[in-house]
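Quick one: the structure is below, and I'll ask about it shortly.
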Amino acid sequence: MKAAIIGVTGYSGIELVRLLENHPYVNIQSIHSSSQVGALLTESYPHLVNHIVLNLEEIDTSKIAENVDVVFMATPSGISSKLAPKLIEQNIKVIDLSGDFRLQDPKVYEKWYKKEAASSEELKKAVYGLSEWNKEEIKSASFIANPGCYPTATLLGIAPLIKHNLIEENSLIIDAKSGVSGAGRHVSLGTHYAEINENFKIYKVNEHQHIPEIEQVLNRWNDNVNAITFSTHLVPMTRGIMATIYANVKSNVTAESLIELYKTSYENSPFVRIREEGNFPATKDVYGSNYCDIGVAYDNRTGRVTVVSVIDNLVKGAAGQAIQNLNIMMEIDEKTGLHRVPVFP
Amino acid sequence: MKAAIIGVTGYSGIELVRLLENHPYVNIQSIHSSSQVGALLTESYPHLVNHIVLNLEEIDTSKIAENVDVVFMATPSGISSKLAPKLIEQNIKVIDLSGDFRLQDPKVYEKWYKKEAASSEELKKAVYGLSEWNKEEIKSASFIANPGCYPTATLLGIAPLIKHNLIEENSLIIDAKSGVSGAGRHVSLGTHYAEINENFKIYKVNEHQHIPEIEQVLNRWNDNVNAITFSTHLVPMTRGIMATIYANVKSNVTAESLIELYKTSYENSPFVRIREEGNFPATKDVYGSNYCDIGVAYDNRTGRVTVVSVIDNLVKGAAGQAIQNLNIMMEIDEKTGLHRVPVFP
Amino acid sequence: MKAAIIGVTGYSGIELVRLLENHPYVNIQSIHSSSQVGALLTESYPHLVNHIVLNLEEIDTSKIAENVDVVFMATPSGISSKLAPKLIEQNIKVIDLSGDFRLQDPKVYEKWYKKEAASSEELKKAVYGLSEWNKEEIKSASFIANPGCYPTATLLGIAPLIKHNLIEENSLIIDAKSGVSGAGRHVSLGTHYAEINENFKIYKVNEHQHIPEIEQVLNRWNDNVNAITFSTHLVPMTRGIMATIYANVKSNVTAESLIELYKTSYENSPFVRIREEGNFPATKDVYGSNYCDIGVAYDNRTGRVTVVSVIDNLVKGAAGQAIQNLNIMMEIDEKTGLHRVPVFP
Amino acid sequence: MKAAIIGVTGYSGIELVRLLENHPYVNIQSIHSSSQVGALLTESYPHLVNHIVLNLEEIDTSKIAENVDVVFMATPSGISSKLAPKLIEQNIKVIDLSGDFRLQDPKVYEKWYKKEAASSEELKKAVYGLSEWNKEEIKSASFIANPGCYPTATLLGIAPLIKHNLIEENSLIIDAKSGVSGAGRHVSLGTHYAEINENFKIYKVNEHQHIPEIEQVLNRWNDNVNAITFSTHLVPMTRGIMATIYANVKSNVTAESLIELYKTSYENSPFVRIREEGNFPATKDVYGSNYCDIGVAYDNRTGRVTVVSVIDNLVKGAAGQAIQNLNIMMEIDEKTGLHRVPVFP
């Protein structure tokens, strides 16, 4: 397949380049950006020398659609709502890594993103690409709204509990932590080295745009879910997300039974690895890979379950899951091009 | 006052040295360690050259008690349970920075610390040194159990809520994060640079020895509190603790009213700084200082309050609070020697 | 003394605030910035709450000169060349932390800074404030050009060698490394967390504006010095500079004799600490303090000396040395307000 | 080919596992360690789950030699001097990643390593595996002494200069910097997180065991080389080495001509990438990959060349070059299994 990447100069964009190079069936045909048009991508990213010799092209949707089979959109929010509809109608596959097509209700999008939403009609065309739980829909999709990084870690961590009706639906508290690459390459005081290093911050308290995305999915799975508490923190590291998830259980469980449930739930999911009792993943265990590692604890003193879910925000939380979704759409082994050992240490 | 420091070669020990140098009324008379006896402290810690010229002495409690007015014990758990009783009976003041005298019930200590406890009788002699909330008792105390780092951040964050009966007592979930210096100077794979850097870990899930310490204090304040959920994470940084605290409120509140309550609660506490609405502290805001900075949010979608409390684990979480307690015992301004600007950036 | 700080919102500016609070004879009267005029400094820097309650004022040199005895200029290069002359003529003391008055030759300034220089006449009025080696001139000065961070570490490391004619003058190679706070608070891709963390970079190879500053001083000390090789690297840390200095010795020396020489050279310099043979300082040994720690090695296989000199770039490399110079000008103990234990770990 | 890895539980060992998984012609048959025999490797390294299911076996050289075609030795120094001879005589290929067979003179080894050397006879059997410059010998070798991490970065940076007789042979000064993973997984105060983070250190001044290794090779290339100055520093990061190399040129050169020379020298070396004038590599540009990126500057003020050479110490500096050497021995494309995009950011 021939692929184009729009927004290739961002961190998700170059991660697509890194991962696709290993993909036997996908070839990057063209790369696009709103800036630096004409320049080699390797001028901004010398680590890519010997791996990609394409020049950045402008974003001309007609021309792109003529030349490729699939387009990855790695643009900031507010861009693909404009561009994706033009691409879709030209009968090519589109995988949107931005948040523009994840929320089905335009009003909800506008409330949390503070930007103009795509129309309801367009939004309906997008299939939510949470690979492990939406595989059948993805298979037949031509337009994927790739999940957010936090929602991926969080939803994979919660799914077995909520689908098996084990927890009080409105007791969910998710305390999430992310490396700084999640904020992208746009410079700001909030990503200025001297302000972030040797520092730990909370941000967007009760205001993160991934809250409605998580709630929308949970509510589809179990319509008793109304609102969650979801907090985001910035960790002085580049890659990695941990979601620490707390919920009250409805009835008696044990750590063993829960871990068994998780193992069964993910037995056909090659990228989800469940830890044994008393073991919990750290973000580095999945560094550079498409894995989501999950550990589960139950505390009978409090009647609460604690789930720890980690991903690499740029891989399973962005470019990796996008390729996994393409694999599913192509009906090839979902591991194709993605079966990589995490980089440790 | 003449002071001795036992366990001076650990991180809390040298932080006492750093902070006491600025103290106009306290002089370090002798320093003690179970290893390197006879050596200059500056051999292990060259940053202290020009500031302390003492040699490490052995731990001879009789001799120590003869020569000083106050002893700081900065030893690992399991040591001061043996040594402190001998010092106390010699009529000097003792401030124990370890966990040995914080839990009143020896069985609880033995369950969580997996070490032999001091006797109930000895335990009763210790006053819990949470400076802001136990000032009267501290004033007349001669033996202080200095609070743990996590309990300090957590309890200062929760106190106004629980004392004013604003939250459902058993809805408390505390997601705590710490820099690595909290683990001390003892080398281990868990503090090995290449395993910690660019990594974020959870540890001791539902098993941290600070859980019963926090519960004991909360229960004293409000006997409806039974059990809390308390998780600890390791952040790739050296200093700093953040406790992100979640609880369900009992009745209608607003962020404004809560912040007002916090400001009132701490109006006579020079080391607690409350943020305005929408503002939350980061750990670096208190780096190297004795401050505890607190931010408060309320989410009416979920009916939950989120409190963010940060300290420097080695200062307010250890050596700083110990000196603050000494100041209170001496009935001098509690800021004496501690009124320092945090080191930023 | 009443002091004003111009450019207080930069990192050197707030470091002046941090350090001056401890100074018994200096009071910050007013703070000035070209932006955010009217705002409290604590809005940008909440770590300063309880320590400074001043609002930012515009930079009106006449008004400033009326109200204070000394002005610290912590502005980017190109600003004080315009402002300082106006302040000086009003008979107040000025300490300029920028590079504008360090180079005596306007053409050299313009070549390396690529900005318009102050006039030769104005440049002559400034005394170079390398405290340890220029004390007599500083004492009687009213206008100080405070040295750059790299030149401070480098010159203190080289001085005994070059002044005692021990090294081949043009064999000097200085490989310098700095934490990222040296780049200031201005955001850029070069200080973007994800590009700097877990990365080590060289920058401005043979082009750093501190090269002529170092050469000018060395040449004053020994006019055989023409050109040095001086490289600068960015270390993924916030504070700290190490200069690793290499030179060929002229005649037989030993490490012992060199260390003896360094000790003698700095015996009256309370902020320079010389290590024993085989011991070398790390940047953290001086963190947050005004120290310059120096280690010296001699390799008889190569006939080369290696000198390792470390400082905290924001303290001895900026705000601390500025205050040290003020102390010298005031003819009080140069340690006043600066005798602080480094923050370790 | 069937491979065994001895010393698999160290960082070079698991990096071999990570890289070999992508290798189409090499299969890891068995893994060996002196500790934890019988345990799954994934117990210590959960990031390897789904990638290797082997148990750790004891180090029985006869048994190993029976079952495999090639053995990688990723052991600490002092081990393979004992084991490798036994393996070699059983007619299998051995690639030794330790320093035991790099120095041809046993006395030199014993002086710098302070351990017993292998015999001269055994030492002679080993071919030094600097892939780019020793390819012909490697092709026909059955026993490879894989170069050290620092020598690899350094020698690739110096080779074109010294081979073309462009520099004064005894003017070489190499200021090298490494991430902490180079120190391995063995815990010590020198790799304790709180002592290394936000710190920059020099270590083993004039005493690093890689000095004679570099000198031996340089001397083979040009027998006027006697002694170099080579310093090693510890950077607060996990992976990456930069060697900043300084030398006096013998005659007139320009940066352009030097860069042209480097490009020509490495035109058949797929893992060496030369930067254009004014561009210099950072360690992150090669993170996780087998590249060595090199930048070159010439300063006509001083007559010195500055070469900047970066590698990932665990890949090109250890496991990657070992596999590259195996590829060369197998006479297949040397990029096989190693053509990976660096992980950025």
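In this document, chain identifiers A, B, C and D correspond to the written order of the chains, with residue numbering beginning at 1 in each.
To be clear about the criterion, contacts are C-beta pairs under 8 Å (C-beta built on N, C-alpha and C of every residue); 3 or more make two chains touch, one makes a residue touch a chain.
What you see is a predicted model; the values in this text were computed from it and never measured.
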Result of counting contacting C-beta pairs for A-B and B-C, higher pair: A-B
Far-end chain from chain B, centres as C-alpha averages: D
Interchain centroid distance [CA atoms averaged], chain A/chain C, Å: 46
Centre-to-centre distance between chain B and chain A (centres being mean Cα positions), rounded to whole Å: 38
Intercentroid distance (Cα basis), chain C paired with chain B, Å: 36
Set of chain A residues in contact with two or more other chains: 11, 179, 181, 194-195, 197-198, 236-239, 284, 287, 345
Residues of chain C that touch chain A when the two form their complex: 11, 179-181, 183, 185, 187-189, 191-198, 236-238
For the chain A and chain B complex, residues of the former touching the latter: 170, 173, 175, 177, 179, 194-195, 197-203, 205-206, 227-229, 231, 233, 235-240, 242, 244, 246, 280, 282-284, 287, 295, 297, 299, 301-302, 304, 306, 308, 310, 345
Parts of chain D lying in touch with chain A, wherever the complex brings them together: 11, 14, 17-18, 21-22, 45-51, 181, 197-198, 238-239, 270, 273, 275, 279, 281, 284-289, 291, 293, 340-345
